[in-house]
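As written, the chains take the letters A, B, C and D, and residue 1 is the first residue of each chain.
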């Protein structure tokens, strides 16, 4: 069955997801702050709206995939925002990586408005989204989730239901991003030790991702760390710096020591402050270990 | 082709490997410091020697799988040690996790003696060894490695050749153990944050090891961390404490900062000093995060 | 010259400061949420008000010394709060350890109201306040600071002027608390290493605070750490946990890695979550090192 | 009373101490591996020997102040070393920062030789040694210490007796150096947070070393950190890197987690590997925080 869908936020991830929704035959209206990316979607068959409110006026479901909490809040509650246009009973699938409390708060506003918010953060790089192989965490009212489910296969290979509290999906998303960061940091430390001991980084990478960690995450990020080549940039370091800040803010609020998360955030911060690294993948924080070991000046 | 093989060191790992060598039809002579474990191997068809020297007198290959550097050194160079009995041209497959320098030093003594040392540390828990699914890192003289290769399939699913410097295989083994520790630490932090945020640890475990880290290492150790049940004890915390000390000694010697390795070692040390944890798996260092978060008293 | 002064917040620090203002001959009106502490001040000659608004109706200067940002905000801006009663041109000396932004925000509200806020956080334990030996950091409008200066000698030995931005004094206060925590953590690590090496903790304490760190902070906190006796409780661990959270929130906002601050906060959090430690001084986080080293179960 | 004294090791510290012993009227024979520094002492009235053995042939006391364990061991036990020339009953005052086990081992060899070793590490920078204001930790046989005591005032303001085990003095020295490092690291973090918050580093330095940490160590090192000017170089970063490695080796051997020591060592290692920093003081590791915060490229 085909649906009227709105998609707001057309970064690398959003574009790939929206394109797959189009390819699945849905009627799509898009909105993006910088209009050029929206035009690219128009060429593929989407309608382009001038405001979030206009984008969602006939939507059964609106997806948002934006940079951070502030942008999501503004797009949802601003004068021309989603809540200003969304029909009653429609579903807002909030896919961005934001604080659990942000989705909880917006969910409350949706409820007052007569619509629904489902937190639906996704795992996977843009290329994975393009291949329709993301993973989705879902949390929100069961009825709203059930209306979202038929749309997900166009861009994802599976989903997990975290219950009715929208915050839960974001906690899980933050945990996952942190764990990816921990794997990258561990590889940076191990490969650097190996290199300075006279081994070849790529041999170590091959062995470890064959014998111990044979999963796409380790192979994708591990190759970048082994080759110290952080192109193409799936996600910018500044975005993951934001994510790790959110992770540690949750950890502080819940009184959970996370020493490895602290290390990753510090390395991301140094990466953001020291380099014009926006054109490198966030994995490039691994370079901090090479630097500290004197391999890079 | 069947060979005369000696096996020294019959802990959980050694027994499983030696039993598989027996099952493959080789003639096996064993030695173990505490004789009861050797008797169990006699029942399976092995000869039992009173000293390492006696165990290796007719061996083409001798495997050692012992606790630490000091024991390996003593078994190899002591009065009744391997070098006192080993025939010329025989191969010593040194499988224990020891410092790279230890195997390098023993390799030199073998060369003077007219025999060969191949560093052959293995990855996998005892149950994996019993199933013949270990991974082996090999480093040493090519000629000696080629004589070892036909014996490995009895207990391993594959091997990696790290070249002729025996230290290289141990560096890789130390890197691998560190990376397993980093994965465990990351799960401990993530699952504890999830739990204190109201999520179920097992749900988080299921999602992350399905969507991001679908490898046996994450699933085996992750289940322990999620359930906080550290039985059965594959390897004792004190052994991994030793391994991380070796890792960090290499890191110091080569001037490589390894902040995550420091955290893991500190947690292992606290685990060893505070608990009679010998009957728990080393993974139990994950409990330090639950404690610091106030979930365990 | 004698002044009409209000004092709000009569914890251990507030009481000592207010008492010294009384002893200096000023006319004092006090307010405290739990009235028993206010009654103790009445016995010493203060008037007791039922609300913050009532307390400040005739005040030239009002001091606040309360638990955290939320309480300060409520006391200042609530229905019966300071701003509801404070005469024009009066000065609010905000002495609590709060986020720089909190004082900046309240300063703006004072300006609209025609009054002034001076951030005036203090350094020193309650006994030091009682002895009139605190140090005060001052930041706010110069005119307002100059009206505060004559009152300070009653409880302090000196003050530092940080300029006109009220946030600056709080940044410095957070830096100072962090540095005290770092000194405590370093002593915990050093004394524990010394103890496990066979030395007497007190001998080490005596030497180090004589030869290297002969300042009251090291001697006061160091004696507690050396003797592992954390009585009397100058400040509760939960208060410093809050302070370190504020410090790290500033660090995150300004992109400053503070690895030692992370360690201290994690130790404070573990102290707060694991113990009913409200009756011990915050210095007791030093015990985490003794625990991790297996000296305390 | 005047004595025959030998002094071996004429780096910045050794020269200052030896010169003060000369000024006190003792008969001094010196030895240094690079002879030019010995010639400078000859100009001040010392005799210059060609080997350590020759330097000590008539010595009642021989002081050593050298780079590391290996050099000390070689100078003491080598063919032309101290033990080859030292008269029976003479005292070897071992002032270098070395592992406790090194002095314990050399002490045993002295005992067999009929002479005595007293571990006598000192605290203070070269300028402090020149001013005769060092602090000395003493550990060794009481009789030998009592013969050393009259010589110390020429270069020190006081000493502490740690008992008869020579290792104890070195443990304390390692604790002290670590604590200095912790103070420097804490100032680096605090001053950088202050700077990025808009405060002046020097103002923060002035306040904190006046109000909280009014001791020479904080003022001397703190000024360097505040001004980010690490000249003159009292001690090279590589020497303190060695010291922190010794500290952490002791910590590992005694199972003591020292998270702050790990941070300091990692910063020292990065300082040594990345910069030609031999001409800067070890305090320059503080720069790592400015770098990570993006203030220095």
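By definition in this document, a residue touches a chain if its C-beta (ideal position, glycine included) is under 8 Å from a C-beta of that chain, and two chains touch if they have at least 3 such contacts.
For each chain, UniProt lists the protein as follows: A, B, C, D = NAD(P)-dependent oxidoreductase.
None of these values were measured; they are calculated from a predicted model.
With contact taken as defined at the outset, chain B and chain D are each touched by A, C. The chain with its CA mean position farthest from that of chain A is D. Rounded to a whole number, the gap between the C-alpha centres of chain C and chain D is 38 angstrom. Taking each chain's centre as the mean of its C-alpha atoms, chain A lies 38 Å from chain B. Centre-to-centre, using mean CA coordinates, chain A is 52 Å away from chain D.
Shared interface positions of chain C, i.e. residues touching 2 or more other chains, are given as 255-257, 259, 263, 266, 269-270, 272-273, 292-294. Listed in rising order, the residues of chain D touching chain C in the complex are 100, 123, 135, 137, 158, 160, 162, 165, 167-168, 171-172, 174-176, 178-180, 182-183, 185-187, 189-194, 196-199, 203-204, 206-208, 210-215, 217-218, 247, 250-251, 254-261, 263, 289, 292-294.
The part of chain D that touches chain B in the complex is made up of residues 245, 248, 252, 255-257, 259, 262-263, 265-266, 269-270, 272-273.
Residues of chain C that touch chain B in their complex: 266, 269-270, 272-274, 291-294, 297.
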